[in-house]
Every structure is written in C-alpha cells, then in structure tokens.
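Shared between the two complexes below is subunit A, which has subunit B as its partner in the first and subunit C in the second.
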Partner chain A sequence: MKDSLVLLGRVPAHPDSRCWFLAWNPAGTLLASCGGDRRIRIWGTEGDSWICKSVLSEGHQRTVRKVAWSPCGNYLASASFDATTCIWKKNQDDFECVTTLEGHENEVKSVAWAPSGNLLATCSRDKSVWVWEVDEEDEYECVSVLNSHTQDVKHVVWHPSQELLASASYDDTVKLYREEEDDWVCCATLEGHESTVWSLAFDPSGQRLASCSDDRTVRIWRQYLPDNEQGVACSGSDPSWKCICTLSGFHSRTIYDIAWCQLTGALATACGDDAIRVFQEDPNSDPQQPTFSLTAHLHQAHSQDVNCVAWNPKEPGLLASCSDDGEVAFWKYQRPEGL
Partner chain B sequence: MASPFSGALQLTDLDDFIGPSQECIKPVKVEKRPGSGVAKIRIEDDGSYFQVNQDGGTRRLEKAKVSLNDCLACSGCITSAETVLITQQSHEELKKVLDANKMAAPSQQRLVVVSVSPQSRASLAARFQLNPTDTARKLTSFFKKIGVHFVFDTAFSRHFSLLESQREFVRRFRGQADCRQALPLLASACPGWICYAEKTHGSFILPHISTARSPQQVMGSLVKDFFAQQQRLTPDKIYHVTVMPCYDKKLEASRPDFFNQEHQTRDVDCVLTTGEVFRLLEEEDVSLPDLEPAPLDSLCSGASAEEPTSHRGGGSGGYLEHVFRHAARELFGIHVAEVTYKPLRNKDFQEVTLEKEGQVLLHFAMAYGFRNIQNLVQRLKRGRCPYHYVEVMACPSGCLNGGGQLQAPDRPSRELLQHVERLYGMVRAEMPEDVPGVQELYTHWLQGTDSECAGRLLHTQYHAVEKANTGLGIRW
Partner chain C sequence: MAGSQDIFDSIVMADERFHGEGYREGYEEGSSLGVMEGRQHGTLHGAKIGSEIGCYQGFAFAWKCLLHSCTTEKDSRKMKVLESLIGMIQKFPYDDPTYDKLHEDLDKIRGKFKQALFCLCRSLTRCHTETGLGTDERSGWFGGSPRGWDVVARSRLTVTSTS
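Up next is the complex of A and B:
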C-alpha cells in the first residue's frame, strides 16, 4: 500500500511521562491530552503547528487516564487513578474544575458523556460502572452503580444516538447497559475475546461496535433487533449482539485503542508494537459478514506503545495518536488508490 | 457466583492486587518446632501441602482459615474471591451444637435459643403459601423438634431499637445549637451500611450514625443478659441463633463490640439466613406446612403470644416512621396519622416532611441501595444535606429484598417481592410505647430508660477503619 498515513507533526505533550489519552472537542478545533504527569493539556493550531493553549494541573493527585468532552464542547471530564473524576468548565482558554465526582473505590479508568449531554458514565478497577446525571445547576448525582463485570473495567463508551452504554473489561467481555424504569441494567454481554478488552468504538450508524483486545484481535459486533430478518435469536425485547467479523493476524501485540471515524468509516488502531494501523470495510462486503482490509500500517509511529488514536470529528483523515513515550503525533490519512 | 453480601459491602475496597502479607492483618501463625534445618514443602496431586522434614518424615499442613472476625477487622479485602471460610456460622454449625447437646451430660448442655426476624418469616410464608401466624407457629414447631429450646421473634427486640432511636433523635434535635454534627441522624440497623461507612468515610460520617443497636443485637442483649438471668444460666451456656434476611448480619454478630469479654461469649452466636433455614428444613426432610403449629414463646411472661406482631413503616423496621411521628409529637405537639412519602429520583429514595403554616419543621428521608447512599454521603460532605433523619439501608427495596431471602426461579422476582411485602404487612402492627412487656423490662431489667444499663445494653459504637497504604503501590 502507498504511504497513506503521513506525519504532520509531533509535540512532546507530557515530557518524561506517558501520554495516555486524547480527545478532540466536538468542533474539531482543540485536542485534549492527559498523562502520567497528572496534567491535562489543551492543544490548538497556530498556523501549521500545534501549540499548547492551556495546562490543567491542579485537578488530580495521580495519573489522568482519560479525558472526554461534553457534546456541547463547554465541559471536559477527566478520569484519574486518584479515584476521582473532575468536571472542567471551559471559559475561553481557561478551564475551571467545577465538580469532583467521588465514590469509586480505586482508579477510575474511563469517562464518557452520553449524546444527550445529561448523562455521564465512569468505570473503575473496582469492577463497577457508574452512571451519573447532571442537572441544570451543574450538580451531578449517581443514578446507578452497575456491578456486572467481574474484573477491572477499562473503558466505557456511549452509543452515538441512543442511551445505550458499552463497557470493556479485564474479564474479557464487553457489556451493554440501558435504562429500565428507575435503574440501569445490563442488557447484553459480548463474549469472544480471549483476553482483556481494552477499548470500544461504535460505527457512525451505531449499528456496529468494534472492540480491541490484549488477544491482538479486533472484533466487530452487530446489533440484531427482535424479529430480525436474519433470524438471530433475541431474548425478550432486548437486541442481540453477534460477532460478525474478527480481524486477527494484523497486530503483533496488545491493541490498546480503536477509533471509528464518524466521517469516513475508517477504523484506526493503537498497538503495543508501536504501530498505528487503519482498516476500511471492503466496498461490496456483505453487511452480515463484512470484510475489512488493512489500508495503512505505520511501523514505529511512536518509539513506544501507542495508547490512543483519535479521528478529528470535522476534518476527514486527520488522526491524532499518543504514546508511552509522552508524545502526541498528528497524521493525515488518505485512502489509497484502487481500494 | 456473585457475592452474597449487600452491594455496599461488596464495593468496599475490592483489590485485585492484594499482597496478603501486606494487606491481610491476620498474622501468619508459624508454629515453631524445635530443631534446626530447613523443611521442604511438597504439593500433592490433590493440592494438599505436606511438609517434608530433613529426616524424611512428613506432616500434612493445615489450610489457613480466615474467620469472619478477622475479615471484619481487615481493610484489605472483603470476600472478593469467595475463599473466606465462614467456619463459625452456618446451619451445619447449629446442627453440631444440637448434636453435641444430645450426647452431653445435663450440666454440659447449652440452652439453644432461636430468634426469627419478621422478614425471614415473611419470605418463608411466601415460599410455603402460609400466613405469617401459621409460619411462626410451624417454625417454632420445627426448631423445637430438632432440639431448640426457645423460639423468639425479633419484632420484640425491635421495640427497643425504635424507642432508643426516637429518643436519640429528639435529644439531638434539641441539642443542635451545641453540636454541629448532631444532625442529620442516620439509622444504624443495617450492618452493610455500617461496614461501608466505617471503611470508606470513617470519622467524617460516624458521628452522624445512631448509636441504637439493631433488633438483632438488642435481642442478643435480651437473650444473653435478661433471659440468661431468668433461666439462672451464665451467658456462655446459651447458644443464640438468629434468622435473618441477609448475610451482612453475620458480620454484625461477629463485631467485637458484641462480644461479652467477661463470659467469653457472643451476644449472637450464629446467624442463619432465610435460605439456610430452608436448607435445614430440606436436610431434616421436614415439610413446614405439614407440621403441627406450636404455641409461640415470649420473652415477657405477661404477654400472650397468640400471633406475631410487627411495626408500621415498611419492611426494614419502620425507623423513619417511628422517629418522625414521635418527633412530631414530642417537639411540635403535632399528631401525624398517616406518613406521606414523596418519591425522589428513584423508588428507593423518598422523603417525608412535616410542615406547619408553610414552614418545614421536619425533613426526613429513606435512602436504600448503594447509589442512593452515595448521593446522600456526597451531599453530606458538601454540607448540602437537607434532612434531619435518614433511614439508610444497603439493599434496594429494603430488608425484605435481602441477599439471604428465598428466591423462586419460576416467579419474576418483582412479583415475589410484592408477595413477601404483602405477607409482611399482614401482621398486626404495635406501637412500641404501648407494649407493657417493654416498659416492664425498662424498669426491672434496665433500671430506667436513660440508665447506664440501657446505654450499655441497647447502644453501641462505631470504629473508622484506616485504609492501609498499598504495600505494592505501583505509582502509575
């Protein structure tokens, strides 16, 4: 394949530390990064280069593991190993910590905002997933504590349009949750991975979910509603999820992150072998049994494990990545000819 | 298999990376043997360990056991791996005691007393399609058949828990000006809540928790102090079993505060869950509905025990209702006929207010389940808790839905719970103030309502558990 992934630039985002995660704001103009140095940095463009516009340093006592922007772009949530989640309010270039969510017993591993903006999910090494609700006065209350996983929960992500929550765990499963009356319940468990599931990404339509794992595979799961044409069995009124594709043999180490571009449908992975890979669904692939091809494989994208990949939500092909080497890199992905 | 303890208890300090030598406070006991030399350890195919001495002799090594007492004292873990051997509390243990009684000389025998909770009784009633009175009588019959001497109802000891809670609230409400931590007052009957509060929030929240003992532990005092005296026995000669709707009550019974140092005996020796009693019935091959009903025992000689009694205010004891109505009367002279609940964010979080001329005089709440406990505690921490009293319970839907209650695989759990609630509510409610036997006991057993005796036998203390810094702290 041609050099379809081109380096645009690198920044030493969290020097002498690891950079754990990246999040683009909904407008695609800012990139938040967080790391082992307990800081969050906000990056923006100035001409052709990326510069650090803000440093959020007084929020956490330990590593910041994930950051997530609210759908409106005015708030940033940060999940930390200090067992708290901070909510930062953006005021031009300044960020102020308006609330600290406590309650998890130990390290918070992930945080995610629901598309409605009213709900937040967090997950932790204490094996639980919490759903929080925010009211008009920016007060957060715990709505549900879900104890479905049997091990450390690594990641939570919301469906792009429904109030459906997905979580990935060290117990090798992916679980899905929805609201039922005044509580949240686990409505599906996706089994198949043979080791820790590190991350998840929904496709633009929300019909498919991609998961990546320590077992070095990516799995694509599809939602089947009750009475579906394909005859996939459902229990009661809950949809069923079936693994419709497994990408194996492409990654030589643990896959730590996966990102599904909402604009182009391209799937990017962050791997412990220091490489970034991009996959695209084949044009005439069967929706029930899709095939994906590797369209870009950048060896040594970083000098150490790649921890995160994030597609810019507004600019097609713009990808950011970060690594244990503390750096953030920006890439331009172009679909190779003939594919 | 999911942990049987309540949600609040399960989430306290679960740790995947415990180094047992660092976190577990149970000292590793090494039996020193004379002679020098290094012993080798051989592991057999069946997993047992044998120590091989230098002279070739072998000795089978004992499996390390962690008792519930050790478990409670430790801040390192709580039954997350299901490997804690609960050696001292099971229906097997009760059977052992009953069998030992059969073989022992009269002077060596122990008087066996079983105290049944109204919630367990309601669960059994639902399972066997009996009414509460028949269930109580037939259970009495069953226990006596297997060698138990007396069977009591913890609804009786609950009178004391409620009265003490009521008095404590009024005292603290009146003393608000002098003590910032007087209110809110938080109910103390649920051990899942207490363990969570002690381990997670410690010295901040403990001053707010009512010191009144739970009905189980008041019954412990009644049986091992009052009843023992009546029977002219020392407390250690009584084996006291309670039947409870959850497993957390086993931990409560194991607390050092409920251990009688003088006689080296626990106030409650063994807690059986409703499920364990059901298993006992099966193992004894007894069909509860087919038993002849026996008369009910009573701790007060005067009271006629024709039928069991209960309290109003829900299946978790009725703390909110009793404290509310008593406070309304004592503090404001208002008689509240019916308590109206207003559900808040979910059905396990409801509030009650007493208003007069637009002013809120009393603002109470019930908070059941971990998520509501979380919100309550966080609000308290921020100084934004508007309540004077909160009935806190660890289990969603309260004690009738405890982890030790009977399940019915062929029935939707919501429907079963509603059935159990109906059966629970069928039992005639009494006001603790109106029970003559209770007043007599305050006078003759406790020497007064605010006496030193009452303080010692009807109240308890709490202890913040300091979190040990992880010895294996990998600083990410």
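Up next is the complex of A and C:
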C-alpha cells in the first residue's frame, strides 16, 4: 500500500498562506490553485517539473476559496471571501477578469459550472445557493436564489450529464436541486451525516454521489428513479436518494474534500490529519450495497491539513493535492496488485 | 355515622382542597396572562413579517410600473421575475399562522426578491460595514445586513438606469 501513491513533486504554490483549492482544466494540461494570499496561480508542465504560468492577482480583496474551469476550458470562475465571484477569460497564457458577480451577502464558498457550460452555481455563508445563466454575449443573469439550507453552504457540484445541482452544508445535509417550470427547486435532502458536510463528488455515471464530512465518514448515495426495481419509495416523479455505503473508521479527523476519478472510479480523500487516502470499489460488489477498500493511505502527505484532492481528467492515476501549508503536491496512484 | 365522616373530611382534606383551589385559580390567571403575552408576541412577529413582505410587494409593483413601457427581451425577463414575486406574495396565507410551510414559503419569497434585485439593479455598489462582512441573521435584509438596506435605498434612486 505504501507504493500505491508516489510523490512526483511539490511546489510552494501560495507561500506563507493556505492553498485552498485546485482545479484541472478539462484538457488536463493546466492546474489552477487558489489561496489565502488572494491569488490564483495557473500551473503547467515544462519537461518533468511544474511551473507557474500565470498569476491572477487583481481579482479579489480576500481569500480565494475555490476555482472552477468552464467545460470548454476558456473560462475560470473564482469564489472569494470578499463575497464576489470573478469570471476570468483565458487568452493564451493571460487571463482577464471579464465579469464580477455580486449578490451574496458574505463569503462565497464554492462555484461550479454545469456540464452544458450555460449555467453556473455559487454558494455562500449567507446560507443560499445561486444559479446563474450565461448568454452568448457573456452576460450573467441570476436565474434563482435558493434558501433551502439553514446554515453556511460549503460546496456545490453539478451532475456530470444532467442539470442537477448538489450542495453541502454546515447544517449536516446535502440538498439536490433541479429546474421545474422556469424556477429552481430543492428536490431532495440527504440526511445522515452527523456534522458539517464539506464536499461532494459524483461518480462517472452520475448515479452515485459521494459526500465527506466533519463526522469523519464518507457516505455514498444512490439515485433511485420512480418505479425502480429495488422497491425504493419515491414521492411523485422526483427520484429518491438513499445512502448505500458508509466508510467509517478510516479517517481520524475531518474530511475536507473528496474526488471521484472519472477515468478509473478511484475515490480520493483530503483529511485534516494531513493524509491522503484512496478507496476503490471491490470488484463484484453488489451495486445496491457496494463495498469499498482502502487502497492507499499516505500519512504526512502534507505538513498540515489537506484541503483539496483533484484527479487529472485525462491522465489516469495523476492526483494533485493542496494544503494549509501552502503547497501543492503531485502524486501517481497505481492500484495495488490483488486489490 | 355519616355526620362524623363529613366533619373529619373537611379537616383532614383541607390541605388538598385548598391546594386544588389554588391550582385552579392560578391556572386560570396564568392562562389569561399567557394569552395576552402570546397575542403581543404574535402581533410583533406578524408585523415584522408583514412589513418585510409589504416592502417586497411595493418594490415589485413600483418596478412593474416603471418597466411597463419597455419591450426589450431583457425587460420581459425582468417582468417575469417581478410577476413571479408578486404571485408568490399574493398566494402567501396571511391569516394562517399555523400553515406548515410558512417559513419555507417566506424563504422562497426572499430568494425571489434577491433575484429581482439583482436583475434590476446590475450596477449596485456594495457598501461594506466597518466591522466586516454582514451578520448571520436569518432574515437577511431585515434586521441583518445593514448593507442590504443601502442596496435597497440605492435601487430606489436609480430609477432611470434599468440596464
């Protein structure tokens, strides 16, 4: 298990500060990092090493908490504690801030692009989730303001193929939203975690959702459509979500991030105990009651809390991680023999 | 025999009898005081909600009038949001405090108002409070973020610039 996650390199991405989040561009050639130093850095390879290709420094007045690439790879959205979300347009190696979205009352915690590229979602400590629509002229309209959560909303993520949005909150729940008659509504609430839900990740098919929490567990939820074979009750035409697996006893502190590799199905977690773990579904496990095994556990992956893990979308096994220590690390994961 | 039983009863049971009478009197007085207190509380709370929704309704009607003659696609989208807000406000059950979705509907109205505010007042400038970024008040614009009121005030002033 020691050799299944190998360090490829480290870079001091946000010196004297925290590195909060990482995002690979859709082509897998660039990695965006953001941090407490209010900057966003774009990293690319030059031979065997990772170098900083651009620094986006004039966008925000406070910590940049998350960044997200548009599906076309030409835009980068950044969510900041200064209550704004910036949209940056890529022009070769330069990035220009083309719009600043305001509206949230306080710190914006997350931003995510829908797979169509036409919709954007943001969430904030003000307990709301906003859905934005982009038109052909790069103008952003607020399509909905959702006040379903009762506490700080930590993360938003879109389904890989449908216009379904998921959010995670300090109120211990995960909520799902979809468009219904020109307005967005909360169509499901997933309860089960005993503390703040920090992050979410859909599996490659979009049928399952993984959530990680301050309660030190990972939960896997499965979508059941009305009239499903398993007899899971649904209300009306809305699908139901049921928790089909809980991974507990593996993490000794809060799990801050989870990433589901779209190529290999491997599940990576970022933990407050400075470690990175990788889980894989056991072959032949029952789809309605899957079992996952720990296939990699790297202690001291960083010298402080690991805040984010991100799988490269094109290169199987390439994982990036970042930490409160301000560093970004690159890893090669290989599924161990016999597991 | 019956006579002696009555005499002892009134002495022996005196304690319990007075206890019971006292309890009943206290209960009645407490109930009527409770009803008065409850009514006061309800009046205040109801007024707060009414005032908040009244403000949103006034805002929506005013902008609806202002946009009445505008016919661009963007303006028709704004109208749609305003009409949706007005519809939600009109459907809100003002005379049923026991309505089980009261707070859920109120949150939806607040969300729709924020969406309308964003659509109409694109160029709003945020005014940060000296202490930092807003408060955690559930009610948001009311009794919460002072910045919220600045924004609403500015939107009343910028009547001509609707894009």
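Definition applied: the second predicted complex is superposed on the first by the 338 of 339 C-alpha atoms of A that agree within 3 Å, B and C clash if a C-alpha of one lies under 4 Å from a C-alpha of the other, contacts with A are read in each partner's own complex, and residues count from 1 in each chain.
The rule is short, and it goes like this: a residue touches a chain if its C-beta (ideal position, glycine included) is under 8 Å from a C-beta of that chain, and two chains touch if they have at least 3 such contacts.
Only a predicted model underlies this, so the values are computations on that prediction, with no experimental measurement involved.
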Overlay on subunit A: subunit C relative to subunit B, clash or fit: clash
Contacts of A:Val64 with subunit B and subunit C, given as first, second, both or neither: neither
Which of subunit B and subunit C A:Ser144 touches, first, second, both or neither: both
First, second, both or neither for A:Asp183, with subunit B first and subunit C second: both
Partner chain in contact with A:Val197 - subunit B first, subunit C second, else both or neither: neither
Contacts of A:Ala23 with subunit B and subunit C, given as first, second, both or neither: neither
Contacts of A:Ala83 with subunit B and subunit C, given as first, second, both or neither: second
Which superposed partner A:Glu102 touches (first subunit B, second subunit C, both, neither): both
First, second, both or neither for A:Leu298, with subunit B first and subunit C second: neither
Shared subunit A surface residues [contacts with subunit B and with subunit C]: 81, 102-103, 105-107, 125-128, 141-145, 147, 182-183
Sites on subunit A touched by subunit B in the complex: 36, 62-63, 81, 102-103, 105-107, 125-128, 133, 141-145, 147, 151-152, 182-183
For the subunit B and subunit A complex, residues of the former touching the latter: 7, 10-16, 200, 345-347, 370-371, 374-375, 378, 381, 396, 475-476
Contact set on subunit A toward subunit C in their complex: 81-83, 102-103, 105-107, 125-128, 141-148, 182-183
Of all residues in subunit C, those that touch subunit A in their complex: 77, 80, 84, 107-108, 110-112, 114-115, 118-119, 124, 126, 133-134, 136, 138, 140, 144-145, 147-148
